[in-house]
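Structures follow.
One chain, chain A, appears in both complexes that follow, with chain B as partner in the first and chain C in the second.
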Partner chain A sequence: MTGFSEAELHGTAMAKTYFALIPSIVGEALFGRLLAIWHDSWIRGKGDEPLLEQLVTDQILDDPDLGPIARNVASLWYLGMWFQLPAEWRNVHGAWANDVTFVVSPQSYTEGLVWKAIHTHPPAAKQPGYGSWALPPVTTEDAS
Partner chain B sequence: MKTTSSRTSSLTPPLPPPINTPDSLKEHLQTALMIEHSTIPPYLCALYSIPNGENVTASTLIRSVVMEEMLHMVLVANLLNAINCPPKVKDPKFIPTYPAYLPHSDKKFVVQLLPFGTDAIETFLKIEMPAPLGAPPQSGDFRTIAQFYAAIRQGFEYLCAQPGGEKKLFVGSASKQIDGSSWYYGGGGAPFAVDSLKTALEAIAEITEQGEGYDHTLYDGDNRFGQVDELAHFFRFNEIRAGRRYQATDTPNGYPTGAALVVDWSARFPMAPNPKVSEYADRPEIHQLMMEFNRTYTKLLGSLDTAFNGTPSELLKAVPLMYDLKYRAQTLMAIPSGRGDGTTVGPSFEYAP
Partner chain C sequence: MSVSQSPSGNYDAIIVGGGPVGAHVAKELVAKNKRVLMLEAGRAGGLTYQGYRSYVDTYYTRVIKDTNSPYPYNPSAPSPNDTDIVKIVKGTPDLIGYQVEMGPEAFGSTYLRQLGGTSLHWLGTTPRFCPNDFKLKTKYGRGVDWPLTYDELEPYYGQAEWSMGVSANKGDQEMHGIKFPRGYDYPMERIPMSYSDQVIGKAVKGKTVNFSGKDYPVQVSSLAQARNSIPRKGYTPVGAVGNPDVGQRCEGNGACIPICPVQAKYSALKTIAALLESPYFTLLAQAVVTKVTLGANGRVNGVEYVRYETEGLGPNATFTATATIYVLAGHAVENAKLLLASNVANKYNKEVGRNLMDHPFSYTWALAPQSMGSFRGPIQTSGIETLRDGDFRKDFAAFRTDVGNAGWDIVNYPPNGDVTEALGKNVFGKKLRSQLANTLPRQVRIGYDVEQLPEWKNCVEIDPTYKDALGCYRPIIKYDVSDYSWQAMVEAMKVSKVVFDALGIPTKDQHFHGRIAGVADSKHYTSPDGKRHPLNFIGAGHHIGTHRMGFTKSDSVVNSDQQSWDHDNLYVVGCGSMPTTGTANPTLTAVALALRSTKAMLGQLR
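On to the complex of A and B.
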């Protein structure tokens, strides 16, 4: 859902934090359902990208209970922030105490995928070195 | 120039030291360059396995040592260029295949790529071990790095003591020297140009004293170079191992007795020892990230090679590569290895042009 590989997600060292965070915001039951349905989609759609995409869209993103959570998880990976769930969702599921907009931690900010996606570094962190602004960005493009 | 051998009987001419030709000196200096470099990947693995914000003092100490190892590489490159020998850095043979012995050492211990831990620090202590009092210079199969440098120092002194020796030896182009004025920043001290026996001996002194201490003390004697005296590398690592800082009354032969240095040996990414790209051939996501790391590393060696061979300004371009390498290493440190033993992947430092 993020467009980054599982290895890259682990590479942020945020997986454990987020895994503990989400049920603390939306509760074990909804989080458990999201994981179970994701797992089901992943098993059925393994090796078949279009099918997997279809299953995730139908079973998760279009689901009024799980869709908003799943979108929040994706933006969590990208921005290191949790956004308060939409009012429609809160009207149905109640206003959870921890469901407020906040930056998870200093690490979650620097490890946001957004910086990788736009090929830059988080402002004020992960500095690329004095004078690097005068040089072409570092790339590791495979010559082959 | 007074040498130790000049004190022997005046009836028998003193034997030349093991390093007694310019070619032999060049060869040994290139080895010195390899030795300095070979310590950096192990130190970096320990450093980057410490998560941000954990073990702050220990990681600051390790980082300060790595910075000085980089300075040593530049100083050795200056020594090579001073005697007109191109330093070779971008070469598959330049990189050790870990686990490895220090190049040309007596093979008493192996150096591995390990995460922060007692095993890693024990190895670092062996690498930086001070030479025993009165230990002889060793041009090969050396016991301590200091003894190897002592042999190089003898070589310089011997060759310069020959008629016209100093003039004939220091024929390198001044434009290849990297000094602290324009191209080098970031601490660990400033490099200086080598163009004479005096400056060559100063460079060698700076290298060995930062490693093992100045004149059998705890400190590197850097105040003589206009810098603050710091603990030599061996003693910085010993502080981490002992969990205690040295204080002014401590001696090199004893343990540190100063303030406590809190070390949490479990606050680290447990990188599997000596990772290799080939181990992850069937894990394309990880394989790709490891390859990207190695390509960056190889690019960095290429940059250093260019900087050492007539384009000192290239050193500034190497800096973004070093930072990039760090972030890539930290990413690899956090990825589970999939071995089922709780270890993580880690950077492999292999040649990948």
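On to the complex of A and C.
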């Protein structure tokens, strides 16, 4: 879902926080369903990237109940942020009290994977050191 | 000495406002054993290392990481925020937030009322003004002249650069007649230019733009910056308050605005923390000065201030403090507000609050074909400084060109939008990761700090209808931008066109129209690529004017010593004293002016 390895996700030390947070915003039933379908897709698509992508798109992202939650799960990993769910979703499932746009914690911001994805660091944290910015950037080719 | 509860005894000077300008006045007076009381309206935030770090944590958790986002909202001493700025509907004031905006243009600049002032969130860019900026009227027939020259201010520029800790190489700064005395150099070596600065610099080598029939080079050069670098002989970098080993060098945190997490960037907290060691210095925070009072002889005989115990709640108590001289260093808008509320400094004219200026900031952006290494290093390390002066100033304003290091930063606040947009299109997993990796580091953003002329109608006013929680006036802003500046924005876009073409950026990836949230498209257009792009701008955070200095008591609020024409023991200091904006970020010049003014103050205190 994120394009990062299990080790990279664990490396953020945010997994437990997010795992507890999501059902507290959308309820355990929907979160459980999302996990079950994700697990099913993952088993069926294992080793077959295009199939996995198709399954996730069809069964999760295009699902009006699960799609918005799944996108928010990715936002958590990438940005450390929860975005308020779309109005259409709330028409059906109601607006939960803590379904607001927010940054989960100082750590969730500094552990956002987007910075790693673009070969830099979160502003105001994990500083690269004096003069590092004058050197040619790391590119995707270098990194892989 | 200490952060005391109530001031006692007689002070030589009372300084209203604990920003960089007030701090430097205090530093000079205390050095001569004068007793100084500093009254700061905001909280004494950041005086301990852990306290400062709490602002960094706040920044991490803010959804909108705007200029004042790390600093808690304080209803007892409110500050204007970026998110308060909305499109002004004719005839309807914008009442959101602290500032009341009457238009016709939105005044999109912010400042911070907290110990350290706006130097907590400033970028730290410290160019000097050009000599011709001091004589705009004589040289180009525009605006007004200053009652002092570059040469008169020059020694104080040097003093300010050494006090604040500016990193630059003299040779990079010698242009437009900016000269340094023999043997002088900046206290620290220049901050390394970013990779993207170097790529752009190489690409535009030898390129020019034609303004008013004359060719000017488009040339990228290093900016003078008040952030720590490698010290030259005789200078020791000043690190974080309460933890001086931290922040000895800029570490590339990339968050200069709104907060440098290691305090490698100068803030007035550094100067004030050092002053607190002196028995001659007393700081009183959470003390909002509401009135300057006069004696029968027309001299200032005290300041009234409200002390709040709890932000937004009180209890509040009113006190009076007295001294021999009084120095208002509360920011251009706050100084004007206080003078107006006190009904002082207006015997000879009605200049108080007038001639409010900024550097209207217009920007362009593009997607380079290759990685520029964006989102690395201080937000800005270089500029195109070649258009800060020239004969074209007879026709339109000069400008500083800022070459950003943080991608499309103010354009669309990456990377949040890029991530959510991709997810909305069902891009996820490895595709999401590589899409971000292959676009964001290619983002280029070039902006223009445009000179603005003094105009009577652009002003700060007060009205009893608009008051804050403490009962103090909220500033009312009336603001417009004249064709002199608009035309500069039209012309400036030619520079972007030169840069973007030199980088080999396809036309479809070049953008000249910044649609800014809350800002209306203007009737002005630019067409550097043959198409019509409506122009608009945001504020640069450079509040200038409002209590300008001048040659006579009829044309200005203060003289060249920033001393009130009306009340000889009242000084009104800071960017508000500047008669014109030039193109330089103004803090360094404000500090230099303040240092110069302390000679007159000390003369009076002898």
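In the analysis below, the second predicted complex is superposed on the first by the 135 of 144 C-alpha atoms of A that agree within 3 Å, B and C clash if a C-alpha of one lies under 4 Å from a C-alpha of the other, contacts with A are read in each partner's own complex, and residues count from 1 in each chain.
Methods note: a residue touches a chain if its C-beta (ideal position, glycine included) is under 8 Å from a C-beta of that chain, and two chains touch if they have at least 3 such contacts.
What you see is a predicted model; the values in this text were computed from it and never measured.
Asks: What does the overlay on chain A give for chain B and chain C, a clash or a fit?
Replies: After superposition on chain A, which the two structures share, chain B sits beside chain C with no clash.
Asks: Which angle, in steps of 10°, is spanned at chain A by chain B and chain C when each chain is reduced to its C-alpha centre?
Replies: 70
Asks: For A:75, is the partner it touches chain B (first), chain C (second), both, or none of the two (neither)?
Replies: second
Asks: Regarding the shared-chain residue A:102, is it in contact with chain B (first), chain C (second), both, or neither?
Replies: In the superposition, A:102 touches chain C alone.
Asks: Touching A:131, do we find chain B (first), chain C (second), both, or neither?
Replies: After superposing on A, A:131 lies in contact with both chain B and chain C.
Asks: If we overlay the two complexes on their shared chain A, which of chain B and chain C does A:61 touch? Say first, second, both or neither.
Replies: Second partner only, chain C.
Asks: Is the number of chain A residues in contact higher for chain B or for chain C?
Replies: Touched residues of chain A are more numerous for C.
Asks: Figure out whether A:8 sits in contact with chain B (first) or chain C (second), or with both, or with neither.
Replies: A:8: touches chain B, not chain C.
Asks: Can you work out, in whole Å, how close the C-alpha atoms of chain B and chain C get once everything is superposed?
Replies: 6
Asks: Residue overlap on chain A between the chain B contact set and the chain C contact set?
Replies: Correct list for chain A: 127-132, 135, 140.
Asks: Can you tell me which positions in chain C touch chain A when the two form their complex?
Replies: Listed in rising order, the residues of chain C that touch chain A are 56-57, 59-63, 65, 192-195, 198, 229, 249-255, 259-262, 371-373, 375-378, 381, 405-406, 415-416, 419-420, 423-424, 426, 428-434, 436-438, 440-441.
Asks: Residue numbers of chain A touching chain B in their complex, please.
Replies: Its residues touching chain B are 5-8, 10-13, 107, 126-132, 135, 138, 140, 142.
Asks: Touching residues of chain B toward chain A in the complex: what are they?
Replies: Counting only chain B, the residues touching chain A are 51-53, 185, 269, 283, 285-286, 288-289, 291-292, 295-296, 299, 316-317, 319-324, 327, 330-336.
Asks: For a test of understanding, state which residues of chain A touch chain C in their complex under the given definition.
Replies: 1-4, 49, 53, 56-57, 61-62, 71, 74-75, 78-79, 81, 83, 101-103, 105-106, 109-110, 113-115, 117-121, 123-125, 127-137, 139-140, 143
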